[in-house]
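Since the structure comes first, as structure tokens, the remarks are kept for the end.
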Amino acid sequence: MNDKIFEACSKILPQGYISQCQGARNSVSNSIGELITKRRLPEHGWSDDLIETLLSELSTMDTNNFHGNVGVGEREGRIYSSLVRRRHFRLSHGIGRSGDITAIQPKAAGSSLLNNITNRLVLDSLRIAGATSCKSCFAVPMATGMALTLCMQTFRNSKPSAKYVIWLRIDQKSCFKSIATAGFESVVIERKLEGDQLVTDLLAIEETIERLGADSILCVMSTTSCFAPRAIDDIEGIAKLCDRYHISHLVNNAYGVQSSKCMHVIQQASRVGRLDAFVQSCDKNYMVPVGGAVIAGFDESLIEAISQTYPGRASAAPSIDMMITLLSFGASDFKNLLKERKEMFQYLLEKVKIVAEKYGERVLSTPSNPISIAVSLTREEMTPSQLTQIGSMLFTRNVSGLRVVTGNEEKTINGHTFTGFGAHYDAYPVCYFTVAAAIGIKRQDIDTFCVRLDKVLSKLYSNKPSCDNFL
Amino acid sequence: MNDKIFEACSKILPQGYISQCQGARNSVSNSIGELITKRRLPEHGWSDDLIETLLSELSTMDTNNFHGNVGVGEREGRIYSSLVRRRHFRLSHGIGRSGDITAIQPKAAGSSLLNNITNRLVLDSLRIAGATSCKSCFAVPMATGMALTLCMQTFRNSKPSAKYVIWLRIDQKSCFKSIATAGFESVVIERKLEGDQLVTDLLAIEETIERLGADSILCVMSTTSCFAPRAIDDIEGIAKLCDRYHISHLVNNAYGVQSSKCMHVIQQASRVGRLDAFVQSCDKNYMVPVGGAVIAGFDESLIEAISQTYPGRASAAPSIDMMITLLSFGASDFKNLLKERKEMFQYLLEKVKIVAEKYGERVLSTPSNPISIAVSLTREEMTPSQLTQIGSMLFTRNVSGLRVVTGNEEKTINGHTFTGFGAHYDAYPVCYFTVAAAIGIKRQDIDTFCVRLDKVLSKLYSNKPSCDNFL
Amino acid sequence: MNDKIFEACSKILPQGYISQCQGARNSVSNSIGELITKRRLPEHGWSDDLIETLLSELSTMDTNNFHGNVGVGEREGRIYSSLVRRRHFRLSHGIGRSGDITAIQPKAAGSSLLNNITNRLVLDSLRIAGATSCKSCFAVPMATGMALTLCMQTFRNSKPSAKYVIWLRIDQKSCFKSIATAGFESVVIERKLEGDQLVTDLLAIEETIERLGADSILCVMSTTSCFAPRAIDDIEGIAKLCDRYHISHLVNNAYGVQSSKCMHVIQQASRVGRLDAFVQSCDKNYMVPVGGAVIAGFDESLIEAISQTYPGRASAAPSIDMMITLLSFGASDFKNLLKERKEMFQYLLEKVKIVAEKYGERVLSTPSNPISIAVSLTREEMTPSQLTQIGSMLFTRNVSGLRVVTGNEEKTINGHTFTGFGAHYDAYPVCYFTVAAAIGIKRQDIDTFCVRLDKVLSKLYSNKPSCDNFL
Amino acid sequence: MNDKIFEACSKILPQGYISQCQGARNSVSNSIGELITKRRLPEHGWSDDLIETLLSELSTMDTNNFHGNVGVGEREGRIYSSLVRRRHFRLSHGIGRSGDITAIQPKAAGSSLLNNITNRLVLDSLRIAGATSCKSCFAVPMATGMALTLCMQTFRNSKPSAKYVIWLRIDQKSCFKSIATAGFESVVIERKLEGDQLVTDLLAIEETIERLGADSILCVMSTTSCFAPRAIDDIEGIAKLCDRYHISHLVNNAYGVQSSKCMHVIQQASRVGRLDAFVQSCDKNYMVPVGGAVIAGFDESLIEAISQTYPGRASAAPSIDMMITLLSFGASDFKNLLKERKEMFQYLLEKVKIVAEKYGERVLSTPSNPISIAVSLTREEMTPSQLTQIGSMLFTRNVSGLRVVTGNEEKTINGHTFTGFGAHYDAYPVCYFTVAAAIGIKRQDIDTFCVRLDKVLSKLYSNKPSCDNFL
């Protein structure tokens, strides 16, 4: 509806109504115009209708949707199924070009705009979350692990001689595998046990650098978000080391955007030392389906170099999901979600403590882990396999995500054998289970979980009676 | 609607109607049952409704959609936006696990089933298209280039000493970049000019192998689908060489599934020599949005190894698109589409020939290219930049995909400088433009294109008058 | 996307792409502008995307979708369910006002525009279908029968003394019931048997008028579209009578829009005599879901009076369906559909004739019925209830719509008893079944039907063997 | 997914996951089974996904969706546009048959089931809302006014001699017009002024009955929900009169379902006197788009008779909307909505009082109106047309629904001239405006309204300064 069309309407509708409608139409245009001009999260979340209008406008800008367009190339954005076309809002050209995943596509101005704006909205969200001086980022349709691989593949260009990646142990397969996939050898740095917590062994890192020689080391890969009792790495300390030894520093911040603590240490590290890039999962932090990661950093040209390493154009699906979700949030709701998560973490801690103590167990003291909680499992009469039943019993009771760690699993990945796999440590002194308060969890989820946990423990720990109404 | 529910209906509806409805309901169940049992393309395409019913059933099997499910992990498949949830049919867990992109996820039985079935449907389609003895394949949410990278990253495991990838020149950035991204050095083999065609120089390959030593060579990367006047590579010849020298052979079959010729040479090569894996784009062959590639091969365990190299789980979006589209096709429509494309290629050839000859130009003779056509541009009075205007003039007339190649561009990618970039050859004797008959092109598209081409040429070649009604 | 927004885009996209996009955007605006200006069927059908853009623009004009709107009335267009909102394209105010179903609503300029345009598109379609000088019409969310009632309720205003409606027998309940619902008494005029056809008895009508007195007669209700062997009424003859006696003439044209013959007689009648209004079903003629009727006529002020009789505003659903469908058609496809239907009627006639003759039956000769076909059922050894099995046997074989008429049913509706109900005649000489070639029927439907019919007849008429491959 | 299909899955998925999935699938089936068995509002609202599953199952039961169905009738439920098909969930046969709008359709078992269940859910909701002994009801795709007409058309059958409908004045066009449309003459009973309230004049009704004779009177039409200062009618008193004089009693309960007071008087009246049917709007009470009404009563056979008066089948759209919305509510949310509305009414009263008093105006005392509030407008220096500006000024400030009543409008409808139209009274002593707290209104709406109202009044009543922060 432009002015000419409104004029045509005036033969049907009274002028007064038309002015009112023009006002309403302008309000839509203004919202879209402001988004494209500022490329920042709107203060208040957008309605689905407004988001769909935006997507419709963007898709109108792609050649495959031009009326009368004829395609005589090998890739013309044709979509066979109307179901598929509809679910992608008619956007079919993906993002990026063979040269660069953030480049503008001539055939797809709308998709290009979408990609550009989305990356800026994500940047805005990272700053809001705590990485206030983050300079650049982009969403890439890959798992976190593959995104870490992409970063290392880029680092290779500036240090072709490097062979090793120093990796601070975290018992999660894909970040470890990402090193081998990138073609490097991992050097594993074990954790130090401090109280209940497993913390970064800075000394061991430095010794390793000295031993192997900085020139042979591509980067140090540290991790923020992780399962308790592992603590967030000492990102600042590592950053200082990396700076001193001229080694790249890559941070696996998988689900750390949701935690102000994780974001704060990243922000600080960028000030006091070296932090080249940090990578986070889209689904774990922004409540979108699995499929995307965000690669971010404090040096625009490095992030650009990473974006240029991706060979080919890529699925726009994760970017579309991110755009929709970030516009749905708005800045204010995003902040609220972060705040609520923090509160839910405290609530989970308190509630779980009550159940644990009822059965003579305790919440391990892991103040440096802002997302995950570990609870001891100390019944001597129970075998490890009996303990792991807690997880499966809860799973059949529709509780997903609780993990029992017995510390006696051995696992070989890419040639490296891990003792006590799952515990991030060869011999953690106690069995335990972990639970997390991730973004989007509700108070009622926690209540229901505790009731079910109580039932399961009461069944297994048969000498303690269940007390259904303790909560 | 199960039998118990139909019984409840019988208090409202006459029994006769209910039997009829049960029949209709069974017909739906039977279609779904047959799909899951056979995991092959149905003979006739499914309706959107049936496909949506299947997707709805599958999503019901994922924990995030369980009624009353509580998630206390760090990744629970929560989706914030209802727009996003809807467009992914409530499937949020992606595909694969940290260990393997084809693995079953405990939290997401439905997504796992979808992934498994989709890969089998794709396998069926590859066999129908001509790779009759293809053993295994999987769709991966990556560009073709990145998928090639993934293959090479896997090959590294069995030949850790390898440094080089022998690459048969094709002037397309992403497949060349994929080598550097994987951490290898490219050794470029130039083409031989035979008549108008640019063909594989087998001798040069062999000499290069001898010179560098087979042990230092990871693989040969050949290409089938390409722009004329480059011909399909001599895949059989290369396969024999690779077999003889124990070198992996990776085929870039980007948009070759749509051509029986491309698929035939792949099939033959697997019989007479060595062909480890061939990679194709989802969007270019199956008319889905950009975002996925299919990695396929004749040795199941190798393909499995590649799938295990991907570090992390991945977006299900391309797999969902592929499932929907393949079920929409059915075997019969897929065959028809392939047949029609072949006919359209002939039609395009004939029609373009008429226009070309009108302006004193000719279609280059490239019998070994079944998809792309090149037309000479020989006006001596025109500068290269005037010639490239043909492309932009057509683009503003809503013709996308025509490329003018002047042969005088120089380009440096990953440190290698290409002379005559775009022409796949340092000094191709003539300027030309290319057009392609890709899957989904319609007779009317070709007619419209030729009219517009005629207009543009008539404008540029001003001494020849336009003849609007020659077609 | 207005010019200001495109300007904002130019900081992200090259200017060349933006011009192209503006062209594409203008093409959308032009289509919408032309529709609103001309209010006629576009020559070529619109894509779903364009239709959705239009609906989105219209809904933006309704107050319930204004950003920041506050409603303090008793009816504010709130929609609780997002499923419902989505399916109605956010249009919630319905059509019309308490005074007039075609009136403009202050709160809902978009819905009002939609209603206005839709009615004009329908008018255009009626003219294309043959009522070339039709002046006015509107779609109303009512069954055909209820719409006939509405017309009669309006006629009452100009003839308050009238008691009777002269009704030309057609054995269909709702048009007969519509008279009683409107508060009038039916006077049934039986048909004349001419050959196989049941035709209008003009003499009987005139005698009835003379007998009752024209002043006591509200109108004559005639019918065009009907089941064979009933013929279209002699609309012209009736129109002349009505003109002469100053009696309103209401035509039940339920599914006659799809037949050029039905429309032609209506058009002619309006020239030579009196035809006040003709009523047609939306679903039967335009392939939309059941729910709407179109009331049309040759005198604008009368049609307006009818629209003002509806007390209250009404569902926009049928109007939305009609708008979508008519825009999907375009003028050219609508004409094609009408043409195809005519061809399919001939095809059905020929095919059914073959089956009928195989079993010693014949197609009744009903040249004045352009939609429905009747086939004799003459086996003397079969009882009526055995004959009606043909219908149910075909129904369980997924053939719907075939009706067996035995002529020995008696039925009382609103106090009137019909002998030989279903046959439109007290004593039709032969049993028969009817089938129709309605708009949207496909050649393959007819083929499949004939195969199944053959199987059923062969089973029932056991002395004649089935011949599966006769077609 | 039935057991056989799950068995097929077990070749792909571990058995443990399948059991879990079967549990999830059963939970879906159980919900649907319970709905069909009990036909009552579920305690908790259903998710959109579950509702869509139900609709998909129902549509599978209609012949137009049978795989391989062939239609040879004149109405086969074909839908041309996929947009239309999708928005109606493939349901195309509407509801009812020519004989009865609640009847079962052979071709459309699913639509019939939907219609049947919806009517039962609506019945449940009416009982929850307060009409605890309501026996039967059905939703009909008509405006409230047309539904009133349908009731009167049915009443005619049992009292063919009746000419008049006694109508208790309410200045709303469509309920008045409904009488003329039904073919009856209105006899208007004016209101009595008691304090600020306009109440029922029982004596006048009785005198009118005596004067005209009960035999000539079809029914009394009373109204519950209305604009202040009109009060709910004395439904009990009227019911007693109707009982005594054997006159039908029809209640216009347009938006009364949302008020426990309106529902209570209906319930009471059915106990102490005669109340044949009460009619309510779907959109005003259930937050669905305009288009449906609910006809309800305490005598099942009468309601059935009304449903049989509708000549023809009808749009299912309002029934689908009602089913979706009622299932979304669940019993608990529906109760909450009713409770919230009552609270919002109190809140609106308090807030408006503050603004009114600031400008020397007062909220009229209308304790018998539970939905609408009237505020005096007493500035002598302002002309009526200046006063009505309040409405338009607020409308341009995005406040809809406020009505200014000056009491000096004269209006003629169906031949009757109303003095002081809008005020329900010939000479209401004061000008005023009305606002309502209708279902779905939010606290923030009221706050925003009051701010805007204050601004407008401050502008008009220029001697009183605006005080932006008084709220």
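Labels A, B, C and D are assigned to the chains in the order they are written; within every chain, residues are numbered from 1.
The rule is simple: a residue touches a chain if its C-beta (ideal position, glycine included) is under 8 Å from a C-beta of that chain, and two chains touch if they have at least 3 such contacts.
The shown structure was predicted, so the numbers you read here are calculated from the model rather than taken from an experiment.
Chemist: Return the chains shared as contacts by subunit A and subunit B, ordered by label.
Modeler: The shared contacts of subunit A and subunit B, listed by label, come to C, D.
Chemist: Can you spot which option in A-B, A-D or B-C is basically C-D again, with over half of the contact pairs the same by residue number?
Modeler: Answer for C-D: the repeating interface is A-B.
Chemist: In terms of C-beta pairs in contact, which of A-D and B-D ranks higher?
Modeler: Pair with more contacting C-beta pairs, A-D versus B-D: B-D.
Chemist: Determine, using the mean of C-alpha atoms as each chain's centre, which chain is farthest from subunit B.
Modeler: Most remote chain from subunit B, centroid-wise, comes out as D.
Chemist: In whole angstrom, how far does the Cα centroid of subunit A sit from the Cα centroid of subunit D?
Modeler: It comes to 48 Å between the two C-alpha centres.
Chemist: Could you state the distance in Å from the CA-based centre of subunit B to that of subunit D?
Modeler: Taking the mean C-alpha position of each chain, the two centres sit 56 Å apart.
Chemist: Which residue numbers or ranges of subunit B touch two or more of the other chains?
Modeler: If we look for residues of subunit B contacting two or more partner chains, we find 20, 48, 52, 63, 66, 82, 106, 395.
Chemist: Along subunit D, where are the residues that touch subunit A in the complex?
Modeler: Those residues of subunit D that touch subunit A are 20, 82, 395-396.
Chemist: Considering the complex alone, what residue numbers of subunit D touch subunit C?
Modeler: Counting only subunit D, the residues touching subunit C are 48, 51-52, 63, 66, 68-84, 87-88, 91-95, 98-99, 106-107, 141-146, 148-150, 153, 156, 172-175, 177-178, 181-183, 225, 227, 254-255, 281, 283-284, 286-292, 309-318, 321, 324-325, 328-329, 348, 371-372, 395, 398-403, 435-441, 445-446, 448-449, 452.
Chemist: Give every residue of subunit C touching subunit A within the complex, in rising order.
Modeler: Answer in residue numbers: 1-2, 4-5, 8-9, 12-14, 17-18, 20-21, 23-25, 27-29, 32-33, 36-37, 48-49, 52-53, 56-57, 59-61, 63, 65-68, 82, 90, 104, 106, 109-110, 112-113, 116-117.
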